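Chain IDs A, B and C follow the sequence of writing; residue 1 opens each chain.
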């Protein structure tokens, strides 16, 4: 009886132990903070799933680790001056993971599916300007737009426009999100609970690449657990590293810290259509009431830069505007002027992650000092998204104060302003959660979009930024840094400024 | 007979007997004193605490224990010692109120079930069985999933899973007491049912109920802290001990004081309640037999 | 014996049914339209209509319950609002980690607890007994999640000997299984000791000693065997505690099990998952208690006569 028990125990232990990776092969394990929501590039909203999709799918063009446009599945393109016609010349000799060939028909099928409003895919708004797509021949695609769109190539370099194998869509329909098939350097193996496994694509079109044999995404929400994974060698890249923990990793002999400014801007969106925020003096007062330097120090452990424009510095056409320094006396005076000498009560809504909750508590403390009583309302992702976007008319909006942020995942100024600050971007269309509307800003944004001439665009976005900065629709907080950590023997891995994990094709583990 | 009369003055009343036995258990007495102290500190928190529960100090964040801050400070420079005092009010309130609610309901149901027997008994105990089909914290989580998070709902949740245990306990005592001579006697002279239950049976069940209450308050405080820790109880910036522990999780190895002191507070409080309960049980034991 | 078995089973079935009724009523007790709750916050009107007809919400409540019972029996538990996987799939993925964790915690804690209890009982009054009992009552009062954090701080963050969390090799099991089992070990130790002390004072043990039976034999054959009966019962009850404790421990150690799934689902308001999990946990609990009762009946013939 005793021997049997011992044997059972032994076998169970061995079974568990054998699931640990064998380190002879080049296996990269990435420690990520969340579970993936899907692997259909046209239907993803979150950075994490998008970064995984980018390892398995490719687009006609892509953004490299510096958010610069590079050709990928297309070799070149031509556009007319009005930015209404784009012709792409595709790369030859590329196949999907399921063996079907990559060609113009596949591109057309991909674009049509993603842009079809009946499919209700989350990234449909990226294709809304397309009138029709034609496969001129096997390797030439012509896209005709309904109206001028200067940022179109950046637009299709977005993850939402990655090319999906038409055969996989035929075979799996809606379930294609769990059976991804693209042209990327890594092919899908499995996706269970918190683990995504990918393996080397043996038929990848770039010779000699990729170098890694497998990539595994392990979802570990616990910050401490993720860091320990890196320290024990279980993972070779982890993100995000909470700012307060960077210090404990700095002195490690085996770990490198990644600390770079991102294009993620952190702000508090104020509902400009609702009292008391319809009064610009109140909005201004709140900007003077929050000590941005203390915010960076306390909430982000110093790993951020103050926000001095609605757009972050790394985004093209950024122009520094100025600052609203910490001045609680002025804040109180402004509030009194606006008719709130004793402050008011308000609810601040946001997500549930540790950093967000910390940030919200900080805002609560700062505003308390000028008489504004803030009630913090943390909501889980699904509930928050519903509250933000399930709105039929602006009057229905239930959020008055939102702790949020944004990063332009196309790397272009347009996507860094239009979704949040354009009148036609009121939810549920896009993310203008401050319900901000100013005709001058609208005109400037439209100007920037209607041309591909950099000088004209710079002028337009300069105007837009200045107007928004003056109108104070938000409490401008900070531009966060990207914080990650990885093993010293890993090369080619980094974080893009839009906070997505990025792996070069040549990434390697020595 | 004459012996009993001669030795009568040496017999103490049951309560005096109980106190004598209780006083002899030093550990229990010490726990009782500690608990009294904790309760007093919690009540006096507004005057005792050197800082408010939410007073930030951005120049002194994540500081270790010092003369200024006995237990150090947290992310926002809030004094941890003060927050523990303020949090004590929450923990003790939740503990006492939930046990009071659950106990009241449970004792009533148990008395009714044991006394009336038959269909009433079957019905009540079946329902209690169903409640007992859920492991404690699961039932609490279920109630929270229904009502939403927050400390008020935590109280209801914990009260709910205390009810069946009290009911079972009291039912057992009631059944035993029903058969005693004095109850039979009272019945035979026509004492009404409610009076019987209240004056003759209930006092008999009280000793074990009181012991159980003490142990239960400890469990309740623990469960409330656990619920807050996993995010279903008191949300930040509440100084609830479980919530503070959750915040301290991010700083393991960097600022351990945030995790250490609130946890210690929970431990000491629950330990004191458990030791007290143990002592009460031992002191009452002879009487129960 | 068979009669006893049937009687106990018959007694359990109403409880299980009642549990299914409660779980079924769950979405109906919440404020709002049940179809909307189940479909999720960002479901389109078509999705909600589909869910509504699937759940048969236009039919009378008892019909809906029967439909629910049928679907559940067929393991069609709906779809997770968050990940869109079938709930059955989600639970299937998480089942093994929780089972393994609970089993290992149970094994070590019962063994250690009983051993310490016996030792304390035998060496009653001596320092071993005193220390053990102090540890035991501390173990019961210790917040599990605090213990977990302390252990992570010491063994993972500072010493680097063990991982801070996650699931994989045997090293991942050490801290979570230990943390989960501490309270159970403490309870078992206290209980075993008092059972031991009680029985040792019994007449038949004193007689055995007086007869000159060797001490070891007295301990093993006479005392322990009889103490085993209540110990087995207690073990079964403790399993329920372990199930509950697993919920918190899994959260602390980022364990990919059913407990953490439940917490995440409650936070996310993923009602299909919440319902299925509550059902699963309570069924497990009831069944374990049933098995323990049956074992008890096997070992103690007196009970069967009732």
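Criterion: a residue touches a chain if its C-beta (ideal position, glycine included) is under 8 Å from a C-beta of that chain, and two chains touch if they have at least 3 such contacts.
What you see is a predicted model; the values in this text were computed from it and never measured.
The most distant chain from chain C, with centres taken as the mean of CA atoms, is A.
With A-C and A-B as the two chain pairs, more C-beta contacts join A-C. Chain C has its Cα centroid nearest to the centroid of all protein Cα atoms in the structure. Per-chain CA centroids place chain B at a distance of 22 Å from chain C. Centroids built from CA atoms put chain C at 40 Å from chain A. If you average the CA atoms of chain A and of chain B, the two centres end up 48 Å from each other.
Of all residues in chain C, those touching 2 or more other chains are 152, 157, 267, 269, listed in ascending order. Annotation for chain A: residues 222, 224, 352 touch two or more other chains.
Shared interface positions of chain B, i.e. residues touching 2 or more other chains, are given as 231, 249, 252-253.
Of all the residues in chain A, the ones that touch chain C in their complex are 9, 12-13, 16-17, 19-20, 35, 37-38, 120, 177, 192-194, 218, 220-222, 224-225, 227-229, 231-232, 234, 352, 380-383, 385-386, 389-390.
Within the complex, the chain C residues that touch chain B are 14-16, 18-19, 22, 26, 29-30, 137-138, 140-146, 149-150, 152-153, 157-158, 240-241, 243-245, 247-248, 251, 262-263, 266-267, 269, 274, 278, 281-282, 285-286. Note for the complex: chain B touches chain C at residues 126-127, 129-130, 133-138, 141-142, 144-146, 218, 222, 225-226, 229-232, 242, 245, 248-249, 252-253, 256, 259, 263, 266-267, 270-271, 273-275, 278. Within the complex formed with chain A, the chain B residues making contact are 54, 56, 58, 61-62, 75-77, 231, 235-237, 249-255. By the touch criterion given at the top, residues 40-42, 44, 81-84, 90, 93-94, 100, 107, 152, 156-157, 160, 163-166, 168-170, 172-173, 253-254, 256, 267-270 of chain C touch chain A in their complex.
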